[in-house]
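Shared between the two complexes below is subunit A, which pairs with subunit B and subunit C, respectively.
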Partner chain A sequence: MAIMALPAFLQGSTELSVTGPKVVTSFRIFGLTINLTETVLLEWIVMAVIIGLSIFLTRGLKVKAVSKRQVIAEMAVEAITNLVSDTMGKRWLAFTPYIATVFCFSIFGSLISLLGFRAVTSDFSVLLTWALMTFILITATKIRFGGVGGYLKGFAEPIPVMLPINILSEIATPTAMALRHFGNIAGGSIIMGLIYFGLTGLSHMLHLQVPVLTIGIPAVLSLYFDLFSDFMQAFIFIMLTMVFISNAGPADDEATSAA
Partner chain B sequence: MKLGFFSIDLGTILFSWINLMILFFALKHFLFKPVQKILSERQAAVDRTLQDAEDARTRAEAAETEYTEKLAKAKEESAEMLRSATRKAQQRSDEIVAGAKAEAAGILQQNREELEREKRRAESQLRSDVSELAVLVAEKVVGREINQNDHARLIDEFIDSVGDVQ
Partner chain C sequence: MDMGEAIILAGSAIGAGLAMIAGIGPGIGEGYAVGKACEAIARQPEASGAVTRTMFVGCAVAESTGIYGLIIALLLIFLKPFT
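Let's look at the complex of A and B:
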C-alpha cells in the first residue's frame, strides 16, 4: 500500500496479514482435492538440510582418531539415545530414531522462519500429523501389550461410567499436543510480525524514511519468540510423545518378568 | 491462493506424514546406523583392551607368585647347602683333629714304650755289669775263683736288698 521511492525491502513491514500457507498446486485424486502447499516445499528443504547434515557428519567414520564432525554426530546420537533411555527406559530404545526425527523436524522446521520463510510448524496440519503419529504409536503400544480386548477394556476403567471421559482424554492427547506446538510457534510469529509492523509505524511517526527502529530491537525479542520457543516446543513435543508411549506399555518390572 | 491461518488440510497431512516417514528412515539409515555401528565397534575395542589388560594382569600375578615361590625355594636350597657344607666341614675337621690326636697319642705311646724298653735294657745291662764286677771284686777279695753261676744268685739278692734302681 505505501507508495514510496524506497525499494520494498527498506520500507519495513507496511502491512500486517495473518494468513495460512500458499497453495502451490492442487490436484484431484478420487474426488479429493489434494493441495501441495508452501509448507510441504519448506518441509522438503528442511529434510534436505537434515539429511545432508547427517550424511556430512557421518562421512568417514572411524573407531580411533575421530574428526570433529564425527564427534558432533556421536554426541548428537548419544544425547538423544540417553534422553530416550532416561525418559522411556532401555527397552524403548528402538524409538530413538523416530524421536530424533520429530525433534529435528520441529527444530529446523521452526528455525527456518529465521531465514524469512514461514515456519513449517506454524501450519496446524503438520503438527496434527505428528500428533496423530504419536496417537497411533500410543494405541499400537497399548494393543501390543494388552491385545485388542485389553485396549478396548481400558476405556471402561476404572468404572464403565468413565467411558466418555476416557474417549475424550484419548482424543485430547494428540489434539492438545498439536495445538500447544502450533499455538506457540504461530503465536510467536504473529507477535514478531506485530512488533515489526509496530516498529515500522513508530519509525514513520518519527519521520524516519527508513524504519531504523526495526534494526536490533526485534532480534532481542526473537531470541525468545523464535529460538527459545522453538527449542522448548520441540523438546516438549518429544517429551510428551515419549512419556505417553512408554506409559501405554506395562511398567518396567512387569515387562522384565514377562520376558 | 492461500489457506486459512488455522486450517486442517488433507494434502498437507498426507505429504507431512510421508515426509516424516522419509526423514525417519533417512535419519535411521544415514545417521543412527553408521554412528551406532562405530560406537559399538569402539565399545568392543574398549572391552577387548580391558580384557587384554585383565589377562596381562592375571599372567603377571601368576608369574610373580611363581617367581616368589622359586626364589623362596632357591633361598631354602642355598641355606640347606650352606648347612650341609658347614656340617660336612665340621665333621671333617672333627675327624682330622681326632686323627691327629690319635696319631699324637700313638706316637707318644710308642716313645714311652721305647723308653721303657731302653730303660729295662739299661737296667739288665747294669745288673749284669754289677754282678760281674761283684764277682771280680769278690775274687780279688777272696782270692779264689768263685763260680760265677753260684754267686750270680747271691748278687741278685744283694741288689734286691739294696733296692730297686730308681
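Let's look at the complex of A and C:
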C-alpha cells in the first residue's frame, strides 16, 4: 500500500461526499439554536473583500488627472448604470446600488470556490434570502404604484377565477430565481467533484501513485462549470430582478422602448 | 443491507436517472432560442447586444425546468430521502 504513505493532499480525492455547509459553532439566543455555518463565515470574508475593494477604488477621487484606480471604478459604475438604464429605463436608476451589490456578492461568492472554499452560492438559504429581497422589492413597487387595494386586486385579474394561479405564480417567482442559481452552482460543484473523484480513481487504476490525471484536465471543464456559469448566473439573477421590478410598475413608453 | 433498503436504493438511482430526462426539453428549447438569436444578429448586427441579453435571460428561464430535474436527481442520489 504505497498510496497510504503519501501525504493526504497528494492522494487526490479518494472519497466522494456531498454534504451541506459545515457548522463551525452554534449558540443559543432566546431558546433558539443559531448555527454559525461555513457559509456565514465565508460571506463575511466576501463582504470584507467587497467593502475593502470599494474603499480602495474610490479613495482620493479627482475631477482632473484621474488615477488608474479611479478609471476602473468609473468603468464599473458606468457599466452597471448603463445596464440598469437599458433594461429598466431611466426612471428606475435608484435601483442601481441594489443591483450592483447583488451582482458583486454573487460573483465573489461563487468565485471564492476557486480558492478551494465552498461556494457561498451553493447554499440554498443564501439564494433564497436574495430572492426574497427581490420579492419584497417587487411587492413594494406594486404597492407603491397601485396602492394596497390595487395590489390585492391584481390577484383577481383578468378574471377572479385566476386567483389561485396568480397566487401560485407569485410564490413561484422567488422560488424559481433561487432554485435556478442554486441548482447551477451546486450542480456544477458536484459535477466537478465527480470529475476529480473519477480521474483520481483512473490514475490509481493505471498504477500512478500521485493522481497525475487530475492536473490540467479538470481545469478545462472548470472554465465552464466555475467561471462561465458563475458569471452567467449572477448576470441572469440581476437581469431577472430588473425585469420583474420594472414590470411591477406601470407601463411606460420611454421605459419599455429602451429595453 | 436488507432487501427493502436495497430496493429503495435501486429505486432512487433509477428515479434519479429518469429525473434527468427533464434535460431534453431545455436542451431543445435553448438550442432553438440560440439559433433564432443567431438569425436575428445576422439580419441586424447592430442589435446584437440587446438580442444576446434577451437570449440569455430567455435561456435562463427555459433552463429552470432542467434545473428542477437536476435538483430532484441530486436529492435522490445524495440525500436518499426514502431510506
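The working rule: the second predicted complex is superposed on the first by the 248 of 259 C-alpha atoms of A that agree within 3 Å, B and C clash if a C-alpha of one lies under 4 Å from a C-alpha of the other, contacts with A are read in each partner's own complex, and residues count from 1 in each chain.
Throughout what follows, contacts are C-beta pairs under 8 Å (C-beta built on N, C-alpha and C of every residue); 3 or more make two chains touch, one makes a residue touch a chain.
This structure is a prediction, so every number in the text was calculated from the model and none was measured.
Superposition note: with subunit A as the common reference, subunit B and subunit C can be accommodated side by side. When the shared chain is aligned, subunit B comes close enough to touch A:Ala73, but subunit C does not. In the overlay built on the shared chain, the residue A:Gly198 is in contact with neither subunit B nor subunit C. In the superposed model, A:Thr129 lies in contact with subunit B only, and not with subunit C.
Look at A:Leu240: by the touch rule set out above, it reaches subunit C but stays clear of subunit B.
When the two complexes are overlaid on their common chain A, residue A:Pro250 makes contact with neither subunit B nor subunit C.
Legend: residue contacts after superposition of the two complexes on their common chain; A:Val18 is shown touching both subunit B and subunit C.
Using the contact criterion defined above for the overlaid structures, shared-chain residue A:Gly89 touches neither subunit B nor subunit C, since it reaches no partner. Of the two partner chains placed by the overlay, only subunit C lies in contact with A:Gly187; subunit B stays clear of it.
Put simply, if you stand at the Cα centre of subunit A and look at the Cα centres of subunit B and subunit C, the angle between them is 110 degrees to the nearest 10. Taking subunit B and subunit C in turn and counting the residues of subunit A each one touches, the greater count comes from B. Applying the stated contact rule after C-alpha superposition, one finds that A:Ala176 touches subunit C and leaves subunit B untouched.
Overlay on chain A (Cα): least separation between subunit B and subunit C is 8 Å. Within subunit A, the residues touched by subunit B in the first complex and by subunit C in the second are 18, 182, 186. Contacts from subunit A toward subunit C in the complex involve residues 18, 86-87, 176, 179-180, 182-184, 186-187, 190, 232-233, 235-236, 239-240, 243.
Taken in their complex, subunit A has these residues touching subunit B: 18-23, 26, 32-37, 39-40, 43-44, 47, 50-51, 54-55, 57-58, 61-64, 70, 73-74, 76-78, 96-98, 100-102, 104-105, 123-126, 128-130, 132-133, 182, 186. The residues of subunit B lying in touch with subunit A in their complex are 1-17, 19-20, 22-24, 26-28, 30-32, 34-39, 41-42, 45.
Interface of subunit C with subunit A (complex): residues 50, 53, 56-57, 60-61, 63-64, 67-68, 70-71, 74, 78.
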